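Heads up, the next two complexes both have subunit A, just with different partners, subunit B and then subunit C.
Then we have the complex of A and B:
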């Protein structure tokens, strides 16, 4: 019996990929070792410090200040992201358009802008903005806010489109225009998912804000960078643990809010 | 074919000649390609009456309601609400003042409170600013609470709609139509998902409140007992054709047997 073509070609592709992987192994120069000299030692040092973070009061004070700065960047960045994502996401959903043509135009143009915002990574935005604005908190906040606005706006537009239609039709039958259908139907139905995704993005924002330290914008990332240069792994882990704690706290907060929003 | 339109002709005689029917089908039909969903229909419903549409699945009951609601356009003929062609009415406020609808279920916005769901019936009347404000500080609360009281679920006003049972949800849907105050209320299988006891209560409520408000009710319904007990008139629909249209008290078992007969089994009956 003949197998469907799709399955045949999928097997062929799997085979080719395995072959490519096997061939690529031959390309590695094994004689010299995979790690650089003392590289294994560095890994051992790094992991060894994992459970021996430096907990001296001075360093903890530094860590707390850096964490606060990172949190402020993340929250302010997400605020900017919301200012971009809410209006553009609503327009990109095409749900408030009065005509089909209007909907197509709105979806197309708003999506293009959102795609431009998120196609460029926050670190690249940071480099561009530091060049333009200088090493100021404004650069950090915008560097986070612009790409995150692009991501959130895209997700919002999809969540607003994918709500159950029956309640919306009922609202239309009671005489509501599309804007009112949006306010009393779409938005309430999409809101729990929108909030939940926004919290997830806040979590990501804290990680991203930390990394912004590498371009000189301060915060936890900056401290990690200094500690790494000093090869002080236990200090590195102090800052990384603080980052982990912050992310876990945001996660707890978000599940609290989600429970309250659940229908 | 049984005495088609007998109820209509007898009742028309008692009404003054100037009375405009709430709903009138003037040769309205609906076809999708070669399939006739509803054959050309002459049919009128006087204001303030309650009409039950019964018939086997796929008979065209929902189509009949959709034509009245303006949700579908007739392939031939026209449908009038209070003498105005439905096709000429603008969707939105104008249509909402004439016709309101209660569906089988899944009709409420699950994450909004019952109060907000009821107030949604006012959306056709409110401007944008008032609608926006009402999400936080609901307008016309008096009206909504009156409606909730009449359907007996005032205590649920601040619950989310998703937390309600099926029967409670239908009560809220009725309250929403009450604040909308259309001339004609349509109900498409309003109790299909409820158990018999609750179904009876909801149908009783639906017919009572529409009667109190002087509204006209057209409902498709599966239960013949409920149709007999609570409605003035019963229309039997089969394969898109009206088989009978009689006062509820004069319906006979023979008519129902013919209406629900399964094709191919005819000879055995």
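Then we have the complex of A and C:
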């Protein structure tokens, strides 16, 4: 397989990667030194507390409540994401259009909306939404739901497009309308992968929801921020370990689902 | 493509059975219901609860502020000097993202072979010692820890250690993506056809040689693809670590927002979107080149 062109392009990639990395290193301001004056001590504090989290019952109760709130945001955000992704994803796949022109306009406009939704990070959405509608759970849920809807919608549209065509043609020849072809052919074939990807996003959603706390919306990120302001590293790590356990558990769950859905 | 990928859905009897998957979907639905119930009734919020007339009018006036409607001064996004200043910040932000991707890639490349089950404790394992297995566990745990903690929280920890600038932000992004890239690459290795590796092994190559000559070349194309995908995510997240790590567009974004310079916020968002769009295009081109 060692075609000359493949080797050429590999060399080009290697060169580009190294050049880009070197250029970005030049972009760092090294004049102040790498570390803060007391930075090296902070490394010791941070790492020292890694395996000595504060496990007092009171703090664990706080952590459990924060974890629940983070889970609530993640799951509610995913609901909003589904409400965005299912209709827009179907339109963006262009599979329910009646004419060729209709398909092109549907794909183009729905894709543009989805791309805009997912281009902005959830925390930026959160900052904007808090500025717009105030500190309410709606801000957190929408901040998570909008970019996740953009991501899920794009994936859904691609999955709906990529199903095998032969069964669809069979349905069409037996007289089914495009809507029925979609409902009884396309959708059932794409559904396992759609469910699989949605479960994968749940894992990411937990992490994102934890971060939303930073803008003042509660949850694990908020608690970490408070603990950091007190420089209480052992409390910081309590919350971070709770987050790690939560992410690993959800990861296990979603990977089990995905393994069973894999073709 | 496989013409029958839906075997799980068309299997046998007409009545749907409760499988692990359908049970999980059901559990997800119950969780969603519980979450919304909790949001609606479970807590008292200081400001307004759900959408009301007041939130709608506040949102509307915020949008007018972003556009600079009804202000005397010229909106920032119509001033050339402001564009240039924000452009310099965008360039710094781009450098931050490349630095982050580079550091994460080096870290993942140096460790991924220790996290793949088949080359560590499976058929290609060099030793069967508990110490070696423990090392496998340590690398896996390091991946889990680094990717479970979000970039923003790493940045919050790292700003105490490093001088302000793009370096702490880049490192925070790097630590998080190190865990993701490492795990993904280890999974690629676990899915590899091990016959070439075993052939090398039987012809006398040591474990390290097997890694370098059989595993690495086979895993590298997928690794490059993942790296570019992660770069697309990293550029979106640079603005977020910039919020706390004092570098690039993120810091300026927060300052402008808290000083109510809303038209500057709009300008920064435009640069941010331009950055995201150009990285998406560049990454797609590089991935095509790598294929």
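Everything below uses one rule, namely that the second predicted complex is superposed on the first by the 223 of 263 C-alpha atoms of A that agree within 3 Å, B and C clash if a C-alpha of one lies under 4 Å from a C-alpha of the other, contacts with A are read in each partner's own complex, and residues count from 1 in each chain.
By definition in this document, a residue touches a chain if its C-beta (ideal position, glycine included) is under 8 Å from a C-beta of that chain, and two chains touch if they have at least 3 such contacts.
As the structure is a computational prediction, the values presented were derived from the model and not from experiment.
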| item | value |
| --- | --- |
| Subunit B versus subunit C as contact partner of A:176, first or second or both or neither | first |
| Superposition-derived comparison: subunit B or subunit C, residues of subunit A touched | C |
| Partner chain(s) touched by A:189 [first = subunit B, second = subunit C, both, neither] | both |
| Touched partner set for A:166, first subunit B, second subunit C, both or neither | both |
| Touched partner set for A:208, first subunit B, second subunit C, both or neither | second |
| Overlapping contact positions on subunit A, where the subunit C interface meets the subunit B interface | 164, 166-167, 188-189, 191-192, 261, 263 |
| Residues of subunit A that touch subunit C when the two form their complex | 9-10, 12-13, 16-17, 20-21, 23-25, 27-29, 32-36, 39-40, 42-43, 46, 68, 71-73, 75-76, 78-79, 116, 119-121, 123-124, 127-128, 131-138, 141, 162, 164, 166-167, 188-189, 191-193, 195, 199, 202, 207-208, 210-211, 214, 221, 224-225, 228, 236, 240, 243-244, 247-248, 253, 256-257, 260-261, 263 |
| Residue ranges of subunit B in contact with subunit A within the complex | 69, 71, 91-93, 95-97, 99-101, 103, 106-112, 116, 120-126, 128, 131-132, 135, 160-163, 173, 176-177, 180 |
| Parts of subunit C lying in touch with subunit A, wherever the complex brings them together | 1-3, 5-9, 19-21, 24-25, 28, 31-32, 34-36, 38-39, 43, 45-51, 55, 58-59, 62-63, 91-92, 94-96, 98-99, 102, 144-145, 147-153, 156-157, 160-163, 165-167, 170, 224, 236-237, 239-240, 243-244, 253-254, 257, 269, 272-273, 276-277, 286, 289-290 |
| In the complex with subunit B, residue positions of subunit A that touch it | 164, 166-167, 170-177, 179-181, 183-185, 188-189, 191-192, 261, 263 |
